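The next part holds the structures, each set out as structure tokens.
Two complexes follow with chain A in common, the first pairing it with chain B and the second with chain C.
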Partner chain A sequence: MADTYLLSNAGLDALFSAIRADGRRILAPTDPDGRSELNPVGTPAEVAKDYLQTTLSAKAVVFPKVERLLSYTLAPGQVELADAVPAAVPTVVFGIRPCEAGGFQALDAVFNWDTRDRFFNARMAALAVIGVGCTRRDDACFCTAVGGGPGATRGSDLLLTPMAEGYLAEVLTEKGRALQALAPDRFQPAAGVDKAALLVQVPPAFDQPALTARLPALFDSELWADQALRCVGCGACAYVCPTCVCFDIQEEADRQGGQRLRAWDSCGSRQFTLHASGHNPRDTQGQRWRQRIYHKFSIYPERYGMLGCVGCGKCTRACPVDMNLQEHLVEAAQA
Partner chain B sequence: MELIEKAKQLLETGAVKAVLGFEPGTHGGRRPAIVRRAERAARLVFDPGCAQNLASYVTRKEVKRLGRLAVTARPDTLRALLQLMAERQLREEDVLALAVDAGGQVVELETAQAMEEHLALEPKELPARDRELMDRLRRMTREERWAFWQKELSRCVKCYACRNSCPMCYCEHCTMDCNRPQWVPVPSHALGNLEYHMVRAMHLAGRCVECGDCGRACPVGIPVHLLTFNAEESVHAQFGQRAGASAKLDYALSTFRPDDKETFIR
Partner chain C sequence: MTEPNIYLPHLMRIARITEEAPSVRTFRLEFVDDAAAQSFHFETGQFGLYSAFGEGESTFCIASSPTRRGYIECTFREVGRVTAALADKEVGDIVGFRGPYGNVFPIEDWQGKNLLFIAGGIALPPLRSVIWNCLDLRERFQDITILYGARTVTDLVYKHELKDWTDRPDVNLVCTVDPGGETPDWTGKVGFVPHILEQLAPAPADTIALVCGPPIMIKLTLPVLARLGFTPESIFTTLENRMKCGLGKCGRCNTGSSYVCKDGPVYTLEQLNRLPAEY
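The block that comes next holds the complex of A and B.
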């Protein structure tokens, strides 16, 4: 059971100041020109007032779109190899939604599945998450169908639920307690606050366990090609997704030296599975779309015991042709 | 005849194998619909919310293999279809354009000539918002413009939604995807992003039908369409030619004419 407190608006101001005084940057949703994105902020006043979610997810904080893994210089007869040091800036991410906060666990499942990825882990260690629960939703949201909810605590160190004035604050982890300790007198005892009543209602959109159980039998169904017919095969869904973790390793080099980079990749692109022989096991967009669904709803549960989707709906909002994920999952569940 | 009725008729008679149109989508929006069975035609809508250029689908392998297509077409769609014909990517007989008039009645445009004539009724106008931003960019100093684009392109995640939504980006094997050799860096770092968007703008100079779908598709809101608009406008100023005006158009940048301006030689 989490420790629950009241945090006033002035208290949040003080917490922001204390976090910055502690030498950490705060990233929060801003939308100065109508684009909702995570940017460094100094005070709660700089945080977007009326955002649903940012377009891109907070995964970039721990898994940036491109990062250097190593570099080297070449001279006649010798190679000088240098390991890259992960740039793990002490960071507090403020204001992401409970769905997105839950996404870090799905990244962790892959980055620590076998070899422990020191880049991801260094950034995760330097990160604390202050989630903010949802008082509204849109048609793309389906957190409750995938085990989350507008007030779900997974992935947040501190979860704030907006009240008429200030917030209900749940201190959930050691990192959360460390944040609380930065402004301890601002966290006032809370009693008798009905958290659920403060949150938006999100009725579950489909029966996920039934869908997951159904997927193996649907593998050869026409459904996927039908659904994917309008898909243009870009990577928008994968790159805005808080759980999509696939990456490409690129070597950029010349005669003097080079660097090895890790960059986001997407299973929606044809080249993702293109073999050197020219053969492509996922040659059509239907096969690639199916992979996207199966990876999240069949392979993840099987391999990691969790879903690879948090129901945030970012992919649906970002898709240029409105490949509405929830709608397609509902259709698959009924197929 | 209204669109739904027409689509049904075309599918029932086998005149086309699929109708590319729009259906209601998330948040009350409109999205592409590829209708293959007459009983599904009732979903079709056509209103000002139907912004997308559906011509981007006619060159997609999965759609092309369906057979002859009917495409509900706004003027930009017609322009793109004509440009695809000019570039020998689409045969006149493989597509039937369906324009919808103010009264909701379908006008069938069966030939390139019919499309050209239909287009001639409506001169191409860039949206005021785009015009304003382009003017603002032109008034900037070179340094300011460079700073503007650097900031904008730093947002790019190289998802290629712009490329994949573009009706003129039909290459089966895009330069961006070449890896033997790798012409353009894959990651979306500063150089990779800049090279990608510069190459795209150059490849669309004289070919861009100015539909703006690339900008609409961008998930992070970069006005990438202004890069290709600008390149297109520049070709128009130099050679007096506009992409999508005709199914028989020699590409300005690979065609020599004795009366070409040579103002670029200084």
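The block that comes next holds the complex of A and C.
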């Protein structure tokens, strides 16, 4: 059971100040040009008002778009390697939704299921998450179909649920207790607060276990090609996704030396699986779309015991050709 | 406190370069660092990522046998940016190597059995590792037969070793080239691998078949093996999907839920039959 408290608006101000005084940066949704993004803030007043979610996910905090894995200098007949150590800035992410907070676990599953990824782990160790529960939703949201909910605690160290004044604060982890300890007198005892009544209702959109059970039999279905007919393979869905972890490794170099970089990639692109021979195991957009669905709803459950989707709906909002993940999943569940 | 960097390659010095066929080379690589050389172990079937610093990494099998200590070898065709940069290297130059990665051919399980190797073109390297591994432990196995085909005589790789295997009384090597690919002094067979296999008609009893080749060769060879009575459990191959990490993270080499870099590259036909054909 989480420890539950009341945190007033003034208390949150004090918590922000204490976090800053502790030498940590705070990243929160701000609202540049009407588009919500995570940016450094100093006070709660700088946080966007009434945002639904950020457009991009918070994954870049622990898994940057591009990062250096190593560098080297070159001389005739010689290579000098230099290891890369990630700059893990002590960070508190404030205000992401419970869906997105859950995404960190899906990233962790891939980065650490076998060998351990130093780059991801260093940033995760330096990160604390203050999630904020949802009092509204839009049509793209489907968290409750994939095991989440507007007040789900997974992935948050501290979860705040907005009240008429201030917040209901759940202290969920060691990192959460460390945050609480920065402003202990601001966390007041709470009793008899009905958390569910403070949150928006999200009825489950489809039966996910049934869908996952159904997918192996649907592998050769025409459904995927049909759904992907309008997909342009731009990769926006993967880039905004809080759980999409697939990456590329590329070189940036000149004659004197260079660096090896890891960059976000997308299974929607043709080059992703293209062989040197020209052969491509996933040659059509339909096959690539199927991979996206199967990776999240079949391969993840089989390999890691969790889903690779948190139902945040960011992909649906970002898609330039209006593909709607929730609708496509509902269609597959009924196919 | 800091965890090791799993993406950091070993530095390897090119000790020998063998021109195998047009645009195909074999590198013999030795560890620059003695400690790395001492602690390095691999088993046959495994692969690695080879760096041309300045251009990037490419995935090739380890084409040498683990019984030959102190070096590894890789054989590659120049087809893209990284392989072109590797092809420009000379003896003494430095390249990178990450590995060994992936699973292995279970040769321990094959004691007392006959081994039938079937390879086409540039796909001999993964089997060459197994062949030398088994030849170096020759007393553990019964008959060893190698059927190797290429488009033309020039395209045959490991020509010196083909001669070694021809000369050895304990190996039955059958080489073939596609019709029109023969030279006037060619003494081997002329014909496609599946047809020659049909003529050879190896007995399936107590025999393990290892098949590596271009997709069309594999596609036409497997039915011949089935007609001869080979079971899916007795047929092994390796898959070579595109990879970036080799560590089961970058997300592209999977066929169904099986990651070629972790669960492969070695599969039996029985295992492949249960996977979708994403290779």
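Assume the second predicted complex is superposed on the first by the 333 of 335 C-alpha atoms of A that agree within 3 Å, B and C clash if a C-alpha of one lies under 4 Å from a C-alpha of the other, contacts with A are read in each partner's own complex, and residues count from 1 in each chain.
Rule of thumb we're sticking to: a residue touches a chain if its C-beta (ideal position, glycine included) is under 8 Å from a C-beta of that chain, and two chains touch if they have at least 3 such contacts.
It should be emphasised that the depicted structure is a prediction, and the values quoted were computed from it without experimental measurement.
By the document's definition of touching, of the two partners only chain B reaches A:A318; chain C does not. Within the superposed three-chain model, A:P184 lies out of touch with both chain B and chain C [touch as defined at top].
Of the two partner chains placed by the overlay, only chain C lies in contact with A:S277; chain B stays clear of it. Of the two partner chains placed by the overlay, chain B and chain C both lie in contact with A:Q250. In the overlay built on the shared chain, the residue A:V240 is in contact with chain B alone; chain C does not reach it. Of the two partner chains, neither chain B nor chain C is touched by A:P90. In the overlay built on the shared chain, the residue A:E37 is in contact with chain B alone; chain C does not reach it. Judged by the number of chain A residues each one touches, C leads among chain B and chain C. Residues 248, 250 of chain A touch chain B in one complex and chain C in the other. In the complex of the two chains, the chain A residues touching chain B come out as 34-35, 37, 55-56, 65-66, 138-140, 225, 228-230, 232-236, 238-240, 248, 250, 252, 261, 263-264, 266, 269-271, 284-286, 316-318, 320-322, 324, 327. Per the touch definition, chain C reaches chain A in the complex via residues 2-9, 11, 53-58, 79-80, 83, 92-94, 96, 215, 240-242, 244-245, 247-257, 262, 276, 278-279. Within the complex formed with chain C, the chain A residues making contact are 69-70, 72, 74, 77-79, 81, 83-85, 110-111, 113-118, 121-122, 219, 245-251, 253-255, 258, 260, 262, 265, 267, 272-277, 279, 281-282, 287, 291, 294-295, 298-299, 302-303.
Within the complex formed with chain A, the residues of chain B that make contact are 25-27, 29, 31-34, 52, 56-57, 60-63, 155, 157-161, 163-165, 177, 179, 185-189, 192, 213, 216-217, 219-221.
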